[in-house]
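Listed below are the structures to be examined.
In the two complexes below, subunit A is the common chain; its partner is subunit B in one and subunit C in the other.
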Partner chain A sequence: MEEDQSILELQVDETASKNLSDATRWAKFLSITAFVCMGLVVIFFIALRSQIASAFSEVIPGFSDIDSLGMLIGIIVIAAGIVCLLMYFLFRGSVLIKKGIESKNQDMFNHGLASLKTYFIMYGILTIIGLVANLVSIF
Partner chain B sequence: MEQDIENSLFDLSVDETAKDHLRRICSWTMIIVITAVIGYVVAIIKSLMPKAQVLQSEGFGVSVSRGQNPGSVIFGVIFGLLINYFLYQFSNRTKKGVNGMSQTDLNAGFYNLKIYFVIISVMVIIALAFVLLFFLAVGANGATK
Partner chain C sequence: MEQQNQNQDAGLFGLSIDTTGREHLTEAARWARFLAIVGFVFIALFAVLAIAGGSYFANMFGRANQFNEVGSGFTTGMTIGIIIYYLCVALLVFLAYLFLYRFAVNMRMALQGNNQELLNRSFQNLKILYRYWGILTAIGLVFFALFVVIAVLGRGSM
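Here is the complex of A and B:
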């Protein structure tokens, strides 16, 4: 009975495995690149904080005080943290899906899909927030 | 034939848990696509709005740019639509595959997900190359002074 059901079920066949493996390879590359870039942005920002503060103070009067700079660094660190969390789920998803396909482990494959789902949920929420902010900026 | 059936027994299957995850992924990717398309319309409207406004601050006029260059907006919109087309295809075909038990649609969905990640990754590589070139140019400029 169970065998009959598994024949009728959708399979991760050779084509699906190849496409998913390729997708996860690129997703893994993307997530690692994002981790490195976020790290570099934070290091770059902290190292050049005085130059950045003077550049901002030319555009925004009264920016040069230490509170404004601290707030800006805080915003950058929080933004980098959010991006890293997003990319963590993409990285985890890609690793688990690939391992699941290679070892034909259903649990691992499903956990990978769960992580990919979390990534897309988070990405969707951030996109909606971005759109709302964009709409607000018009008015 | 027997070989195919034996192979399918040893393959990973898209069980109920996987189907549930895939359905949710499809729903959220569709939300992302719709939100992105609305965002592009907003970006085009913003680019057509008056360019700059002058903020008066204690006697000093500070020009603040409002809206982007229409050329860069159009480039961004075309690039964004291309990416989101593949995300839409992934969402649509995978949903069809999962709900209609169609292996062909499921495979096509995964293929579109692959293309989606490939395009983004290639664009990231190009962007990083430009950033590297920029820093090299700045470094070379500093060295000649």
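Here is the complex of A and C:
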């Protein structure tokens, strides 16, 4: 009975495997690039904090105090952390799907799909938060 | 005959989209579809703003150039240039959301109808989506590297 069910199930055939392997390769590249970029952004903000504070103080009076600067760096670090978490799910998904395909490990493949799902859910929730924030700022 | 048996074995003992995988992919496709639709709406708004912004810039340049020789030719050219640039950006992003939408829709239909061909098409669109973003990212990185090199060389020659 189980065997019958497995015949009727959708298969990850050669075409699907090839497409998924290619997709995971590019997804891995994108996630690693995002990790590096976020790291560089945080380092850049921390290294050039005094220049950034003086540039902002010209636009916003009283910005140069340590609290405002700390808050700005905090916001940047949190934003970078959120992007890194999002990209971690994409990275984890791509690695597990690829390993699952290579070793024909169903469990690993499913874990990869779960990470891909989490990536899309998190991306969607962040989009909803962004939409709500924009609407609030308009009204 | 032997090869046919081998293929059947590969199908039986290879990877499949089982109940767990099906649940994950259904959920992923649902969110991907939502993201793509939101993306389409934003791109449409962006394109409208690009055209409206272009006419705003046309007015601005027109007022700035009304007393000099540069004239309306420059103003029109500048406006068209700005509109085309922003519409190209909108088109580039639209293509990415189109691949995401196709992934989501094909996946949904494949899982509902147990259709292997649609499943393969869905994964193909996922591949194209990530390849597309990957190539755009690589191009962006090259431009950024060039910018850094030019900035360093420019600073060195000063």
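Just so it is clear, the second predicted complex is superposed on the first by the 139 of 139 C-alpha atoms of A that agree within 3 Å, B and C clash if a C-alpha of one lies under 4 Å from a C-alpha of the other, contacts with A are read in each partner's own complex, and residues count from 1 in each chain.
Going forward, a residue touches a chain if its C-beta (ideal position, glycine included) is under 8 Å from a C-beta of that chain, and two chains touch if they have at least 3 such contacts.
It should be emphasised that the depicted structure is a prediction, and the values quoted were computed from it without experimental measurement.
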Room on subunit A for both subunit B and subunit C (clash or fit): clash
Partner chain(s) touched by A:20 [first = subunit B, second = subunit C, both, neither]: both
Touched partner set for A:138, first subunit B, second subunit C, both or neither: first
Touched partner set for A:9, first subunit B, second subunit C, both or neither: both
Which of subunit B and subunit C A:113 touches, first, second, both or neither: both
Partner chain in contact with A:50 - subunit B first, subunit C second, else both or neither: neither
Set of subunit A residues, in rising order, touched by both subunit B and subunit C: 3, 6-13, 15-17, 19-20, 22-23, 26-27, 29-30, 33, 100-101, 104, 106, 109-110, 113-114, 116-117, 120-121, 123-124, 127, 131
Sites on subunit A touched by subunit C in the complex: 3, 6-13, 15-17, 19-20, 22-24, 26-27, 29-30, 33, 100-101, 104, 106, 109-110, 113-114, 116-117, 119-121, 123-124, 127, 131
Subunit C residues within the subunit A interface of the complex: 11-18, 20-22, 24-25, 27-28, 31-32, 34-35, 38, 110-111, 114-116, 119-120, 123-124, 126-127, 129-131, 133-134, 137, 141
Of subunit B, residues touching subunit A in the complex: 5, 8-15, 17-19, 21-22, 24-25, 28-29, 31-32, 35-36, 38-39, 42-43, 45-46, 49, 57-58, 60, 62, 97-98, 101, 103, 106-107, 110-111, 113-114, 116-118, 120-121, 124, 128
Subunit B partner contacts - residues on subunit A that touch it in the complex: 3, 6-13, 15-17, 19-20, 22-23, 26-27, 29-30, 33, 37, 59, 61, 100-101, 104-106, 109-110, 113-114, 116-117, 120-121, 123-124, 127-128, 130-131, 134-135, 137-138
